[in-house]
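Below are two complexes that have subunit A in common, paired first with subunit B and then with subunit C.
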Partner chain A sequence: MTDDAVQVRDVVVRYGDTTAVHGVSLTVPRGRVLSLLGHNGAGKTSLLQVCEGFRRADGGQVRVLGLDPMDDHDELMPRLGIMLQSGGVYPWATAGEILRLFASFAAQPLDVDMLLDRLGLRRFERTRFRRLSGGEQQRLSLAIALVGRPELVFLDEPTAGMDTEARHTTWELIEELRADGVSVLLTTHLLDEAERLADEVVIMRNGLVAATGTPAELTAAAGIDLLEVRAEPGLVPGDRLSPLKVTETSPGEYAVTGALDAATIAEVLGWFAGVGATVTSLNTRRRTLEDVYLALTKAEAYR
Partner chain B sequence: MSTFAPAPGRAPMRTVLSSQIKMELVLTARRGEAVVLAMGVPLLVLLGAGLTKVTNVPGDDRLAFVVPGVLALTVMSTAFTGQAITTGYERSYGVLKRLGASPLSRPGLLFAKTAAVLGLIVLQLLVLAVVGVAVGWRPHFGQILPALGITVLATAAYSGLALLLASVLRPETTTAAATLIYVLMLAAGGIMFAAPDLGTFGWFVLPLAAHAEALRATLSHDAPIPLSIWLSLALWAVVFVTAAARKFKWE
Partner chain C sequence: MSTATMGFSRGHVEVLMFLRDRTAVIFTFAFPAMLLLLFGTIFGDQYTDAGVSASNVFSASMIAYGILSTAFVTMGAGLAMDREDGTLKRLHGTPITATSYVLGKLILVFALSVAEVILLVGVGALVFDMPLPDASHWLTFTWLFLLSVITCSLLGMAVSGIVKHARTAGAILNVPVVALQFISGVFIYPVTQLPSWLINVAAIFPVKWMAQGFRYVFLPDVMKDQEPAGQWELGRIALVLGAWCVIGLVLCLLTFRWSRDK
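Entry: the complex of A and B
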């Protein structure tokens, strides 16, 4: 038995000859948000399918709330909230009917009217599912996942197809879920989504874990990678600051790149002081999760 | 205030099932044209074969032969053909997968589907029986309970076969197979004209003819249902309900 919400150990998922997930391990502690980040085809959804009990892992172990998602399916489902990637609703039922159906399955459901209002679905209560836009269908799907007051939710690309406003509403909702003690495992290919919501990010690439850590850890590991200095134009250090690279991007604007720690930054400023320059501005730029992600997934991006 | 504080749990199974049955019926009613169509063919057969002499039927009383056959045909049309097609498309829309990720559970869904179909069948049979009586059919009610019992068995068998097909075939193939089986069963006889005389064996391979014969015995002739028909439909029901429960997949 384990107290973690989700425990995945060395999970392998194969479709015929193709291996979608090559031995992935991750843990979602109770009350935390874990984000699985990766391109389409990185294996995120396959891994989620195993956690949701839709298919058995071809290797490794999965425990969800301490239970086996396949063998303990009926015991587990009332405790989970699942948002599938698309569809999954009777095309001829209205948004209100669907949400009330799923609410009626739960012992202590959330107030359906409150959810319709929170997710901006009130206007569509009497609209049939197939008449809803992609973003509206997504919001309904999220409402279905939450209505049973689950202790753990799986969200597969929760904001795909949503406009900016709906995306922010969804992010606020997920933050509120976390604050109220709900554990969340979500997949996304949006870096700002992962950075904003996740306590921990697992970057997947080609079915493997490429990196894992808090958003801060992942970006901090990369340190500061750009120093911008403004001074008089025409100062060229040559290779005196090597291995750092200094370029004058426009007259009087210098960009310094390389492994920048406190000592090397002091060295750079020392050089400017040494030639009698008047430094009027100094900026550092830290790497973002996007830089980390792009660096890790570059090989795939060029395919 | 913690709106989303977890409080998970399944509602009482009775509540879960009744709301799923209600949803199934609401959606069926919304596809009104399908319901009318499902009754259109039986109604045509009833009036065509019952009131004219386009086909040869055994005995002097055409309606006594045709009306019970039409009732049996309707049961098959709704419980088997209609249900197989609907379920096939629900699978391709991902509806079954979504329900699989809910507290409904597999037996819950199968039960709700069968119960909804049974409710619809009761309604359709009442309408057809009233039409039959209006044009001169004179049913007996002494054997009504066995007639209802054999109809429940037939419904379970057809429902099981429908869910099985929808589980193992793609929706387009399911639609084609379900329609083909319907036409073959209709063509094999026992509804508009006599079924081929295969003796007891016939009741085991032609469930539609067997069910029609059982309704004819009870409702038209006030006679008990032959034991072989009870056995045949019970066997069909057990085999296909079990197979459907085993093979049923959410995806």
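Entry: the complex of A and C
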């Protein structure tokens, strides 16, 4: 077997007659962060459940740290950190008690106090779980996943329900994990999260992989898709710049859309220079991961 | 980290959890004691030929109910709840093994059962003047208690597998508990009032033997005349409970699931 942290080959997951995952393959190399993006019901969590050893795949192969998540469960678990979306924490226990309990399962747990401080949970150490807010429960859940010093962590929508500050702390923590050589497989709805954290993004749609690549690769394919020029108002290029589309969005602000490569941009600027315009500002915008994601998943969202 | 250590840290949290959930404390714990007070008071002035009051007989038999409540019901409902709310699933994603999970639950069950028995014996001794037995009877009590708790816990775990929703667990688990108590003579005294075929049915299940054993421990020897067989049958008690222990273990191994979905 290879030395990859996670290797998924043609995995199929079925619930009765419904097929949630239709043959997905992906690889998380050691020390890398892979983000699974997709709508609710795209199959992200089902795929994660198979990797986490909660259920067996109905087809295909999965190796996690070179082991089978079901058959080698007891050998694998001490090396994994798993953050579930919800549930499964003693409602009557305090945050501190819960984290200490999970720490006691690990051979060399992280310092519980340090984690409580890092995740801003110190104030809630003596608060019972059921009294914590959604975001606080989420932070505790993350702490539970990390307390055993895992080699590989599975994070299912780690920042859902968190406030901005907690989200940024979480992102920093994930970046630190990566710096320490920990491999991460996370699911998210948040494009900025994927763009900031992930070495590689896998976009899932209807149980299939719709696109895969680094955030840069996914967005670079489309290149620059908008050029904004500020000059004197009332300049009308007519069809001189066709097939590009030029609109004056407000007096003196021009938006140019179309296939914008270096030559066409030079042509656009040449035209403005030709009519003696004073160009005071120039902006280009490349496609964001969000644009790519929406284009890929739009058809499904409104079906 | 060893299975035992993990089991103990979980047992600690289990006990904490139980004590903080007041409803659970009252219903599991105080209910058998309340029934004992009621039965003992209602039938308190009836005496057997041997001069033993009915309330003493209830005090002894009711220990079987106490253990059913703390072991069978607590274990069954607790497991169904852990399975439903995802606790089991989350624990399955940690280094904990099934054995240490069950060990944690058993610690809770043992702690509760010991406390329950102390409560019931206390009520029997202080309220109904039940005399406490000598050392040799306490020895019998020890193995009987251990065997009863383990058997009831294992059967509770096994039954939790067929409970679909934790909400209904209490109701479902209490059906066999209440039915078996009536036919096993925990609430009926003397047992021989029951039709003999019903006693034969009860003899298949562990509750009759538990109650009979606790009557041996806490009642004078002459009371054996009131038993269906006219004797205490300690060997048979051990045999039947031991057999149910094995049956329970096999059922648990066959039906144990970490989560509801499958």
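The rule is simple: the second predicted complex is superposed on the first by the 302 of 303 C-alpha atoms of A that agree within 3 Å, B and C clash if a C-alpha of one lies under 4 Å from a C-alpha of the other, contacts with A are read in each partner's own complex, and residues count from 1 in each chain.
Keep this in mind: a contact is a pair of C-beta atoms (placed from the backbone, for glycine too) under 8 Å apart; a residue touches a chain by one contact, two chains touch by 3 or more.
In this text, all values refer to a predicted model and were calculated from it rather than measured experimentally.
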Clash or fit (per the criteria above) of subunit B with subunit C on subunit A: clash
Partner chain in contact with A:176 - subunit B first, subunit C second, else both or neither: first
Contacts of A:146 with subunit B and subunit C, given as first, second, both or neither: first
Subunit B versus subunit C as contact partner of A:214, first or second or both or neither: neither
Touched partner set for A:110, first subunit B, second subunit C, both or neither: first
First, second, both or neither for A:82, with subunit B first and subunit C second: both
Winner by number of subunit A residues touched, once subunit B and subunit C are compared: B
Touched partner set for A:280, first subunit B, second subunit C, both or neither: neither
Overlap of subunit C and subunit B interfaces on subunit A (superposed complexes): 52, 54, 73-74, 77-78, 80, 82, 84, 86-93, 97, 100-102, 104-107, 144, 148
Contact set on subunit B toward subunit A in their complex: 2-11, 15-16, 19-20, 23, 26-27, 30-31, 90, 93-95, 97-98, 100-106, 250-251
List of subunit C residues in touch with subunit A within their complex: 1, 5-6, 9-10, 12-13, 16-17, 20-21, 85-97, 258-259, 261-262
Residues on subunit A engaged by subunit B in the complex (per definition of touch): 52, 54, 73-74, 77-80, 82, 84, 86-93, 97, 100-102, 104-108, 110, 114, 144, 146, 148-151, 176-177, 179-182
Parts of subunit A lying in touch with subunit C, wherever the complex brings them together: 15, 52-55, 73-74, 77-78, 80, 82, 84, 86-93, 97-98, 100-102, 104-107, 128, 144, 148
